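Pasting the structures in now, so scroll down.
Two complexes are shown next, each including chain A; its partner changes from chain B in the first to chain C in the second.
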Partner chain A sequence: MNRLNQLPTLRIDPAVNHSLTYRGRTYQGVAGDTVATALFANGVRIFGRSLKYHRPRGLYSLDGECSNTCMEVDGIPNVRAENTLLENGMTVKEQNVKGSAERDWLGFMDKLDWMMPAGFYYKIMHKPAAIWPMAMKQIRKAAGLGIISADHKMKGRYDEQFLKAEVTVIGGGAAGMAAALAAAQSGRRVILLESRPHLGGCFDYRVSTTSDGTPLHERARQLAEKVKQTTNIRLFEHTSMVGAYNNNLITAFQVGKADDGFTECYIEIRSDSVVVATGCIERPLLFDNNERPGVMQVGCAHRLARTYGLLPGNAAVFSVGHNPGLEAAVDLFDLGLKINCVADIREDGQDPALLLALTERKIPVLKGWVATKAHGSKMVQKATLCTIDGMVKRQFSCDLLVASAGLTPVSGPFILAQAIMGYDDHTGYFLPDQLPEKMFPAGRITGINDPDAIETSGRLAGLEAASAAGADLWTKVAETRNALAAMPGPERGCKLVIAPVKGRKSFICFDEDATVKSVKQAIDQGFDVPELVKRFAGVGLGPGQGGIPGHNLPLFVAKYTASKETPKPTTVRPPLVPAFIATYAGYNHHMFKRTPIHHSQKADGGIFRNIGVWQRARYFTADVDCKEEILNVRNNVGMLDASTLGKFRIHGPDALKALQRVYVSDMGKAGKDRIKYSAMCNDDGCVIDDGVVVKRGENDYYFTTSTGRAGQTAEWIRYHTRYDNWDFHLVNLTDAMGVINLSGPNARKVLTKVVDIDLSNEAFPFSGYREFYIQDTIFTRALRLGFVGELSYELHVPSSYMQAVWDLLTEAGKAFGIRNFGVEAQNVLRMEKGHIILGQESEQRTNLLDVGLGFLWDRSKTVARTVGAVALRQAANDTGRLTLVGIRMEDDARPARDGSLIVDNKVRGYVATMRRSFTSGEAVGMALVESQLAGAGTRLEIFEDECNGVRIYARVVPMPFYDPEGERMKS
Partner chain B sequence: MADIRRQSPMRFNTGPCRTEVRDNWTVTLAYDDEGDGPWLTDLAHKIRWDLQDGNIDAVKPSGLTIPASPGRCTLAGGTLINRMNGTQASIYHLGAKAPALPDFAGYTDVSESMVFLALFGPGVFYIAEKLTNLDFMDPAGKAPFLLQGPFCHIPCQIVILEKTPDGSGGFLLTCSRGYGDSMVAAILKAGAEFNLRPAGENRFDTWISCLSGEI
Partner chain C sequence: MALTLTCPICGKRNGYEFRFGGEDKGPRPPEEGLTPGAWCDYVHMNNCTAGVQKEWWFHRDGCGSWFTTWRDTTRNLEAEPPEANK
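So, the complex of A and B:
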């Protein structure tokens, strides 16, 4: 197809060819083409088939307002070919066809529309019920859009940006550009979003002029140049706004150009104020076969020629309801399109200059006429026009039927911003009754069409938005408002709802193949408001997000129901236009913490698991039971990286009071050389954390928390002391100190080789705390603990030295066969010893007493009200609570899984942790059971997931299972 | 005594071309090809203090006055003081040497707690806006100023030391040390299209010298 290559309005570069493959053939497009225009240039007119009836579909809006031109591009289905810029080498396929778009074997479905009335999905093929699964499969085969493989991997790079602006302008037409420029003059940061790949909006392709004689396309380019030169305007072209949320959070996504670092970029903008200059789309004209290829909107036909240099047809009929339709007819005629007739729905009100121009070109104009039918099985071959009262009909041959009932504002941003929409009787638009806070409309969305007024309204909105963002521009606002008032205001809109047809093949929603007839069926069945019709008849539920039916549906429902109330539009939801899920996912950075010796642990064979925010080594061999790791600790010596423990400094005159408040014990007993183990509860007495506290100086304490609580501890303490005005300060040292747990009967021998203090049991006993330097350099805090039930030293060292200390101990322990042990081995070791892990042996309801930690609670403490003490007092005599007990399986070869339920005829508790002990050879563990079942020897019935009714059994036994006197850890 | 070395929480794939050992840190002074910016510099070896006290305004770290308003910062003599809230300030020693921790209970040395990095050079704030919704370019914010909030979803303390309308300048960032690998990976990935490269301490020092003229 020959291009109109010399037009000043072109957005293509005919000198740069791009090729694409479609149906096995290679076609040539040019730079600036969309996939759709490139195919159109090569004679493709049918782009796909419709959802239900497999009707042929072609270009209609050129803005992707419906699924007509959704195609599979480079393996990605449902790509809007009208919005997708052509790239060299693309492979394009049609969708929803059996055969080809031209010859679809399922085209006969169009004759079976009588079998598929509104809501047929809900009403038939359900009885008998066995039919439905089969019917569903067949329906899904026959209907639907693109198909994607479950393991498809999106190519490309998906970026994200989080922006801040004082003013955000949505829409880069003349009004949007004027708004951005006006707002930017105040020095405010302005962001301008334009969904097309270039600025200009409805000025971009038009040759009509402003009041000073400047062609609109030229004016658009002048404004665009100014915008690009204004440093405080950030311009985002090919960027669609998709969401609006509280406090003017605007979301959008940008399609990357060839030289951008991204394929698509998700954008979030926090904006003080927003200008909505989204303009208008066209309201589809409802007549029979109104979506037949060859029927297209005014803007589509006009832009095909002016923007892409492609005449939309050879011989055309126009059926329009607004002046831009007449303007397009004149211009397209001048570009070489034969126009057989222009039917204007309006009896009067046309722009006299345009009527004169049509007359001069000898184009017949029929006022008060409208298209009622497009003829032709696959393509338009002729059109029937008739008077709007249906009395007189005429037929015109044509291969192009340009049809539009009028304009409709793109009001999605207002609806997303929770504006209450109303119907404006003059323009026929749905507009906000009240504007959302700090949101301002500009341009054609307000109903104006005069080019000067469009710019001025943009300027006014920009000034208002900047003022709302803090600029003092109210004088200019008043002046501009007066100037706008002196210009042509909103134009009277076309009120025709539907051509005089029955509507069996008049499509109100192209995406879902919903006809006027199906809407009538829905209403006749009682679904008499647009929101119900929308769902029952499937109108506006497709990828076009109601762009095609959004205006017509409420108008038609109001007319068909003879409603006296004003029409109400249906709502829209984000995303306003289809976006890839990959775009929303963005970078998807995996942010997690690693301990200071992560890499050496990995080199040692560590198998890592994410535990909360941390990555921790769970095993060091493929043996998930960790037998060797466990036995090495029991018999020799092992090292665990416990750096994830929470570690804090609390200091200040009231530090002790704060500790007394949150810990259940009397923290005044925390000493300088001894650790104090205690626990924290919430107000319900439920235990939430445990750890040790050391007094390092006057009003200066060091304490630890569990890994999971480290992130919340500081806020927890501040929250529970918020009314006391106490003078204390917290410093989170969790990441500052690496922690090595050196455990096993040979632990002392290993440590002795590294430090030069007396490590004898007398000099550094169990529960002792010491500070010293390793190699005179590394400040170390050492705690004699016994979590795993053996002689243990917990060494807290500066994180940057952690690897050095680890290496020293590894070297020192070589003679003893020292080796790593991981979190799972620790879990078994401490379980054998009967030491609990909160979260493992407890859950949300478990209080301090339930898990046997009541001995920590100092009931006589009066210094500060202990969090949870009141609830604990009440719970102390409650016999109906769960109790932590030791259990042993009747079959030692068959430990129950963690979390298994303990049942009789109802749930009586659950298994917290259970393993087969390599030390004793018994399958033992801990369980929370109702107190009646807590007696020693009680037989417990255990239900596991997927046990197929086979229960397993255990008995309550005394704890701990290992070294009950604690001789090993205290020796 | 064994040859003891300290390790930074950050790792770059690029090998250093010049290093020196300082207080057991192996400090990278320069990398082979640092490019034309922007740059990312590991400052883990720089000393940072936390200062908390009920009467914090009376405290003079390194003889400097702590800014009165939260969010404000003072940079002088290689010492950067950031007012965090009514009772707390953070103090960064950006020079080669730092004074000993004062004998005052309100101070805590938190050098080991955090990742400490500098991101500076042309277009650096365009990288930042890919990772955070914090407003680095707030016209009301006069450098140096402090932001506290999420960067790459991680709570961070960020000090903007320089900013120009074209998105250039630089800032210091601290976050929990454990996030070092994740944070560096995220920043380098976001900065790839801007040709972000690791840079040694020399380049950082040059930048800071230009800012303060004092180091």
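So, the complex of A and C:
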């Protein structure tokens, strides 16, 4: 198609070609094209098929207010082709077609609309219930928009920005630019958002003039230049505002340009005041086949020619209700479009200059007429026009029917900001009854259309917004307000709701194929307010977010119900325009912490898993049962990286009081050379953490928490002491210290080689705490613990020395068979010993007593007001609780899976951990069961997922399963 | 989140940085003589004021301190304390 290449209004560069693939063919577009205009330039008129009836659909608004031109672009479904700039090499597919958009085998669905009255999904499809799954499958095949491939990987980089400004201006038309410039003059920081890829708004493509004779497109470019030169205006083009919240928080999505380094960017702006200059879209005209390809809105036809150099058709009929419609007819005629007739809904009130221009061009004008039907099975071939009373009809042949009932303000920002909306009788617009705090409207959204007034109202709003943000511009505000008052005010809007038709094929919502008829059906069934009709008949629930039906639905409902109340618009919610979930999600999801010896473990064959915020080595061989790792700890010596443990220092005069508050034991008994094991509960007595505490000096303690609790511990302790004004300091050393657990009968022999203190069992016994230097250099805190049931040393050293210690121990341990073990081996080793891991042998409702840790609780320290103590006192008498028991399978070859249920005819408990022990060959584990089942020898029936009715059995047995006297860990 | 909060140490900051700590209910009651019902009320019952209430917030992504502030629960904005509490 030949472009109108010389227009000063073009936003394309005809010299730069971009190609795209559509239906297996390569088409050429140019830089600046959208996907939609590039296809249009290549003769594509039918872009896809509608949701239910498979009706052909084409360009309508050119701003993506409906699903008509939603297409699959580079594998991403439901992309709005009208809003997506063409990039070289794109692959585009049509949606919801069997065959092609041109020849869709499901096109006959359009004839079956009588089978699908409003609400038929709800009323018919539920009985009989058995056919519902089948029916749903068929419906899903036939209806819908794009199809998401389950394994589609979203390409691109999705960024986010959190901005601060004094004034945010939404909308980069003449009013928005004037507002931004006025606000910026005061030195305030201004952010300007424009949803199209370029500034200009409704001035951008028009050749009519301001009062001084400047063509509007030229004026738009002058303002844009000034905006770009103003350093305290930060401009975001191709950025749609999607949310407005209280405190004037504005959110938006920015589409990245080629050199931006992101595909889309989520923007969150905090500003003191906001100017809403979002302008107007067109209110669709309701008549039969009002969405047939070839029917389009005024702005669409006008911008196709002026912005993209594409004549929208050959011979046109116009059916409009506002002066911009007449202006477009004149301009398009001058650009070469044949116009067979212009019907204006208004009997009078047209701009006389425009009427004169139409007469001069010998274009017939019918006042008080409106389109009632578009003819043509796939494309418009003819239009029926009619007087608005329905008396006289005439037909005109055409391939383009430009139709628009009038304008409607883009009031979404106000509704999102929770303004109460009212109906303005003069303009016919829904406008806020009362403006939200520090939010100022500007431009066409206020009902004005005069170019000078649009700019002046923008300037006024900008000055007001800057003043609300602290600038003292009130004199200027008053002057500008007076100037605006002297200009043409809001224009009377066209009130026509529907052409004189029955409306079986008059579409009020294109996204969901909702017709005037289906809306009437919904109202007849009692859904007589817009919010109910919207949901029952499916109007405005689609990707267009109500852009097409948003204004017409409440007007129609008010008219059809003969309601005396003023119509109310339906609510819109963020995001105002469709947005990628990828953009909401942002990037960098694969962040985790690594321990200081991560790489050494990796080199040793470690297989890592994400555990909370950390990556930890789970296994060191392909054997997921970890037999060798386990037996090596039992027989020789193993080394575990336990750096993820929470590590804290608490010190100060009231440190002990704080410990007494959160630990259930009497922490006054924490001694200097001994470790004290204890647990923390929440206020319900449920156990949330366990760890050890050592007293390193007067009012100075060092303690550990489980890996999962490290992040919350400071918050927890400070929360539970927040009223006490205690004097203590809490230092989180989790990342500052690394931990190596050296375990096994040879552990002492290994450690002896790197330290020169007496490590004999008498000098450093089980439960002891010592501080020493490794190789006279590395300060080490050593704890003699027995989590895995062997002689073991937990060595806490500065993180930066971890690698050195690891290397020293590896070298020293060679002679004793040292090797790594991972968290799975540790899990089995400690399970054999009956030592619990919170979160595995407990869940949210499990209390300290349930898991057999009641011995830790000191009931006498009531003065401490210990967290959980009151609840535990009550729970101590509660018989209906679960109890932790040891269990052994009747068949040792068949350990139950972790998490399996213990049942009789109802659930009686569950298996926490179970493995086949390599030490004993028995399948043993721990389970939480109802106390009636806790007696030794009780037979337990176990239900596993996917067991197909086959149960397995275990018996309650005494714990621990390994070294019951603890001789090995104490040796 | 539109909410901003004023930390006594760090000043006015984005609401994302904070963790909610519940209504201000006063210090933990002494254990002696405490009935289970009274305890349960202290831990679990709330006034759920529709309007301005005093509550605890933790500056999690900041200085790490707990503080009280007043918030209008109907608008989810930090607010001036009611006259009687000034």
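One rule holds in what follows: the second predicted complex is superposed on the first by the 933 of 971 C-alpha atoms of A that agree within 3 Å, B and C clash if a C-alpha of one lies under 4 Å from a C-alpha of the other, contacts with A are read in each partner's own complex, and residues count from 1 in each chain.
One rule holds in what follows: contacts are C-beta pairs under 8 Å (C-beta built on N, C-alpha and C of every residue); 3 or more make two chains touch, one makes a residue touch a chain.
What you see is a predicted model, and the numbers here were worked out from it, not measured in a lab.
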> Counting only touches as set out at the top, which of chain B and chain C does A:162 meet: first, second, both, neither?
Replying inline: both
> With the two structures laid over each other on chain A, which partner does A:102 touch: chain B (first), chain C (second), both, or neither?
Replying inline: neither
>> By the touch definition at the top of the document, which applies to A:843: first (chain B), second (chain C), both, or neither?
In response: neither
>> For A:245 in the superposed arrangement: first (chain B), second (chain C), both or neither?
In response: second
> Between chain B (first) and chain C (second), which does A:450 come into contact with in this model arrangement: first, second, both, or neither?
Replying inline: neither
> For chain A, which side has the bigger count of touched residues, chain B or chain C?
Replying inline: B
> Touching A:724, do we find chain B (first), chain C (second), both, or neither?
Replying inline: second
> Touching chain B and also chain C: which chain A residues?
Replying inline: 162, 270
> How about chain A: which of its residues touch chain C in the complex?
Replying inline: 162, 245-247, 249, 270, 683-684, 714-715, 718-720, 722-724, 862, 865, 869-871, 874
> Given the complex with chain A, which residues does chain B contribute to the contact?
Replying inline: 1-2, 4-9, 11, 24-25, 44, 50, 52-54, 87-88, 105-106, 108, 110-114, 129-133, 135, 137-139, 152-154, 165-166, 176-183, 185-186, 189-190, 192-193
>> Quick check on the complex: what are the chain C residues that touch chain A?
In response: 1-4, 14, 19, 21, 26-28, 30-32, 34, 36, 39, 43, 56, 58, 60, 64-66, 75-77
> Which positions of chain A touch chain B when the two form their complex?
Replying inline: 159-164, 187, 189, 231-232, 260-262, 268, 270, 587, 589-596, 598-599, 613-614, 649, 651-652, 697, 699-700, 727, 729, 731-737, 775-778, 798-804, 808
